[in-house]
């Protein structure tokens, strides 16, 4: 019988491919169709974006994320060459993503390409100021964690660093009109670090997330300067308003505003368009759905202890 | 001295390999032995399974997870060819995993191979109906998140999508008797997304997990249709009953039942074989260990605020 | 116009590279300088460490993490050869990391190389006893999870296993003076598993973390024998004391002591230099900042339920 | 001194990059300029063509050059999918090569792309008849070499097989107007096998080259059916006519015509537009520059022997 | 039109795949069928053999072809581990090749596997004596070429070295019954070096080929000790005897016998079952088809010179 | 029995590794020892040199051998960055090779490193003048081959181009004292093209080799300007003088001098320290061992024809 020795004669195994291929086609094209207007569109590629992000990190911090063997005489050659190849790759991803923008969808292919080039060129011109913001974040991390021993450690070993770099890059692309690529970047950061920052969120300088796994920052959140978060903090939406058909209403401001100099400890859940006033401290595991005035201290009720005796 | 210039002459370094190799062998074979019955068994390979999962995703959603350049004339060739190679690879992993099934362990090699082929062929035949379930999940995500702008975004950028696709594939293999491979798949999903769904759990259609990091769904959990979860939700077991020797009793139903149309917000911890009644809403950070009737609203006590004045 | 057809003529796109390269150089060297004393130092490489960790896992558990096709006659050749190449690679990473140690920074290159070799050789000699500890951890996992069906499943499918192996390797390097490499290893573990254990923490044998996403264990935490943790448990610091300049004081003991035989359930947050007494059980989502005597049961207050009727 | 320990501190080496880069630019743009009209054109890629050739071989002989594990139910999926991806890649290389065609050079980018697609589609339609010719070649090899034991051996182990397959593919592209890509393919064959067949040559069916290293067949050579060549045979041009400026005249018929059923042994050098009549045999190392009537036997003069006595 | 912008919209190109796939299937299965008895057999893989040859070279000469960083304490671990993995891979290729042996063809799969293991094990046991022969070859090269400066140069830079190593390995497999694998190895050597030695040839120790491109040594050639060849030497067959059907007679002795201490200069063509007597010297470009007594000097007639006057 | 099902249970095969490893060690260390003075030296790596050669070609001809997507604004960044990484890699290979230079062998490791850096830096400074020579070679090829249609075709499709580029690079390294690396480069060129040019040979500008397979140019050959060679031309040594012990005398001038404007046709064998006078033409397959005055025409005697009648 054909299946007897799969190791010795794997060529003989019969999988009934034809009916499965046929049923999958039916599912794709008829019964469970999700393809937009029946056309195949080329999608942005997550693995291409991973390479692009490595390129951008190398451009921003070449001695930490670039290549070994860089010297003062060679570093600008490396930065310029890496920038050139990275921007070309990014431009192609931006072009693919534009097809999913409502207002760009109908444009002819050549115009999409032109627009992608313009977005990418503008993005490139913002890299120096993005670097300035990121340096403020690194210094905030160094000052904010007693365990940190050097800026190098913060660049290499802190998941929050990766999450914030990727967020700042994604946010710039988001504002320039490349939302799908920006979302893919935030998903890559999420997968690498467990930190989920929507690229639409607005975050000021000197921002630090320690540990970070489980942090969620929603699309319309607004965060000031010198804010510090710990793991599992949620800046989320409360229940979503639905329209009369039961569909959720999209796009309205629904996430918190966190003012300057706020610290939010691990596991705090802060929901809705509320404001955490400047200089406040929110304790761990707190559940918070209302405004908090500047300088507040919010903490959870004690746990019930049941000691043996 | 031999060690002086490791850069210039790395060949000269002496590591005292022999005693370390000898002590590790002693540890393996005598003092800290974990090998089953002293025999070396070939284990399923996680990196092979990563490739297999990419293949299966490409088969299910070829325009999103397949290759660039697919067209209406070429897509079925791609699906059929990818399915063929993926099933061959999967069959080998299933065969390796069967050695760890209590009832298959003693079978001769050829019978294990035959059984692996049968499991894999049956699994292939279920792919179209798995796709149907997944499309219901995608639509639930699109309807459940105000920030979602397209089905493409949900397929490409949502960790919950990956977690649910991998879960549905793993669950099918689990039911067909390939438990170890199923568990490996759930671990791959966990590592990629921070979402940990045991492949033994039963989950109905139109299921959506938003953000998702830290979600844990236990082996005997049962989830209905149209359920929505947020990050850090636990559907776990309470304290585990132990037998008279102190060993935990394995396999009994010990995780929650969540009925249709339930929403569970971030950080809720729901433990034990309790039932969350149809249409209930469980608030964030809630700790819940008892039944909840249909239509309930469960929320956490307020945080203690300590405002400055 | 040059940009019209990026697909057809990508070579013509102009990115304005020169001003961006120039401004990035200014940012690096003048306005937002982070380079230590203006010199370029070669940093440890995360991707090299990923390979080294795979090598060490293969050396410790060759039949689970090694290569297919190992036999009783070949296994020691594999272990010895893998150990040799892995130690050479590790030694180079340790050398790079030493430049960031305050007391090693000034040493000449050759002495750094020698010290790296000595650290690596000493580390190698500890591998058999590290393996003994890890086997106790595996057995604790098998006994502690009713869903576990074999030691193989625990080695292959449990993120907690990866986190604990990597922690024990990193901790050994940390004590030998290779702190930056140790931190990189813990970050790799964090990224793979969502579990963040600082390599400075002290953890006794038979340690088990189930699910694990979101677990954080701080630098000065001390954990006894037979301790079991679930996902999202934090053993962290409370507010950090700052000196008169407002800078946080670094290095003092500020994380909990967890004695033998303690179980801590999902989401518990335990902060500060407190002691959880032997044999205690800490419930899920608990917030705890004070000592707990041996044998305690600590659990959260009930959620407020709002049932319909 | 900076260069003292390249192993230990490779980052410090100074190469004087700036003047070398500057002088190379001068050489490129001023003193030794070879760029056509000062514009950068994207060239066909040899490594891409290597992949394309593997794809085409797999399509023509899937069980010999395709993937392991093909079965009767899966082989057409494999052929169709490989064909699709290979043609897309080929089309891009053809497009790049067209820029070097005198008459296509001035076309706008979009028209070049259209023409490349038409050439590629026409090429694809010829693949079945190319396969028929190649099967006649394989049978000629099996009949012509007493050492051959199977058609599989001829497909896998004979450099002449590779050279003839690549020639027939290149010749088809050459006739369709993709000369530069055709020449690249012949160079790949040359590098792999030591056999150099210009894609412009015309070669009938049942053609066999044994051993083959050093065989050269020129651009305007014409070879009939059932011809057999051995290693180091040259079918070349004699001295080249030059015009009054001393430049060689390009493109005229200047290589031999070899009629049906001719055998040419190792090292024979046949030059100029001469005709080797049907059924002739040309001996090894022969030097031949004049017509040979049908049925001739041409052989070299004896070597002078100087035996000891 | 769909084809207008292949760069911008490559997904839309239509290749007419279906008729090409259909015609290729017809060609494969009906009109130009070459498949043996209609079954698909798994063929040995050339790329797998390339890896196997690298492994065997590393086992034979670990400090030249093995890995950097080998030391006296680690070299045997490397050799043993490389040997183990290489033999496993070789055994699989031998198994696949056995299906093409006339007498093994009918055996059940398991017996083919057993036989492949026996052949591979016996082959392994011959490696030390193969190494001894190869060392004699290296010494002959060092003594035979005035340009050679070290044994290392001969191992790394001489194509003749690769050709002779691969020949000796292939010859051992050929004698053990693995002819197809042996032929594949000789083809790999041919492609790398331009030297074509049939694995059936018998060659004594201290053999040296200088430069080597174009050397052909036929299946039944017999070469003694201390023989030296230069590039483009052919030890071939004369015209092949055909049977009454016109088919060539296979397998009879038809290539030269070269006795000990013979030197054959570049381009000599020696054909037929003739004997070159011990100690003879054959000049460059000589054509030789008759026996030569021991101690002969054979050279070509002078070229005709046409000097200007 | 253990070997029965290699496919199903490959882990069980026993190869008798221990005695083979033991005998190979005996062969290496006692019976067939080739290791220099018993020490393990790190050898230059051929695969590293392949990468280095690609880097150097990209630096010399960036639009032909560099990366796609180069533009006028980016090309110098690419050249500078590629030069920097390539020189670092080359320097390491040069250092390894120096250990094999008689006069460098005894130097301490740090001095070898310094010398390698100096050689590499000097080599870099010669790249612009090497490019000038190569451009003269390209122009000679374009003028010398009626089939050539563009400089791009000559750069991409002519094996002679690769051979001459690699020769000119190797020759520069040879003169700077890096002989072993130079020889490795010539072997790489030989393997790719079938053209074997010893790096010690001296070759003037405007040099062209057409087809080229089988060309051999010896260590002490001297070639003038505007020389053209065809395939299988040998510029070799005659019999080698031996000293009284029978060992060949190494290093003396023993290969031909070819003056300016000479053409040598396919298969000519020219041996010994003879001079081919300026402007001569040497016919195909000629055997030549004596001086030829300027302006000579040398051709082979006619083949003996045996026409049927």
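We call the chains A, B, C, D, E and F, going by the order they appear; numbering starts again at 1 in every chain.
FYI, a contact is a pair of C-beta atoms (placed from the backbone, for glycine too) under 8 Å apart; a residue touches a chain by one contact, two chains touch by 3 or more.
Chain labels with UniProt names: A, B, C, D, E, F = serine O-acetyltransferase.
Worth saying up front: this structure is predicted, and the values here are computed from it rather than measured.
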Which contact partners do chain C and chain D have in common?
A, B, E, F
Selected interface, A-D versus D-E, where C-beta contact pairs are more numerous:
D-E
Going by C-alpha centroids, which chain is farthest from chain A? Tell me that one.
E
Report the chain pair from E-F, B-C or A-F that duplicates the B-D interface, where duplication means over half of the contact pairs agree by residue number.
A-F
Centroid from C-alpha atoms only, then distance chain B to chain F, rounded to Å. What do you get?
55
Rounded Å distance between chain A and chain B, as computed from the means of their C-alpha atoms:
23
Would you mind pulling out the distance in Å between where the CA atoms of chain C average out and where those of chain E do?
51
So which stretches of chain E touch two or more other chains?
5-11, 13-18, 21, 40-42, 68-71, 73-74, 76-77, 79-80, 83-84, 88, 109-110, 113, 194, 213-214, 232, 267, 283, 285, 300-301
Give the list of chain D residues in touch with chain A in this complex.
10-18, 21, 68-71, 73-74, 77
List the residues on chain D that touch chain E in their complex, please.
59-64, 68-72, 75-76, 79-80, 83-84, 87-88, 91-92, 95, 109-110, 113-114, 116-118, 120-121, 124-125, 127-128, 131-132, 135, 138, 143-153, 156-159, 192-194, 211, 213-214, 230-232, 266-267, 283-285, 300-308
Using the touch definition up top, name the residues of chain B that touch chain C in the complex.
1, 3-7, 10, 13-21, 23-28, 31-32, 34-36, 40-46, 100, 179-180, 183-184, 186-187, 190-191, 194, 196, 198, 200, 213-214, 216, 218-219, 232, 234, 236-237, 240, 247-252, 254, 267, 269, 271, 283, 285-288, 292-301
Can you name the residues of chain E that touch chain C in the complex?
5-10, 67, 69-71, 73-74, 76-85, 88
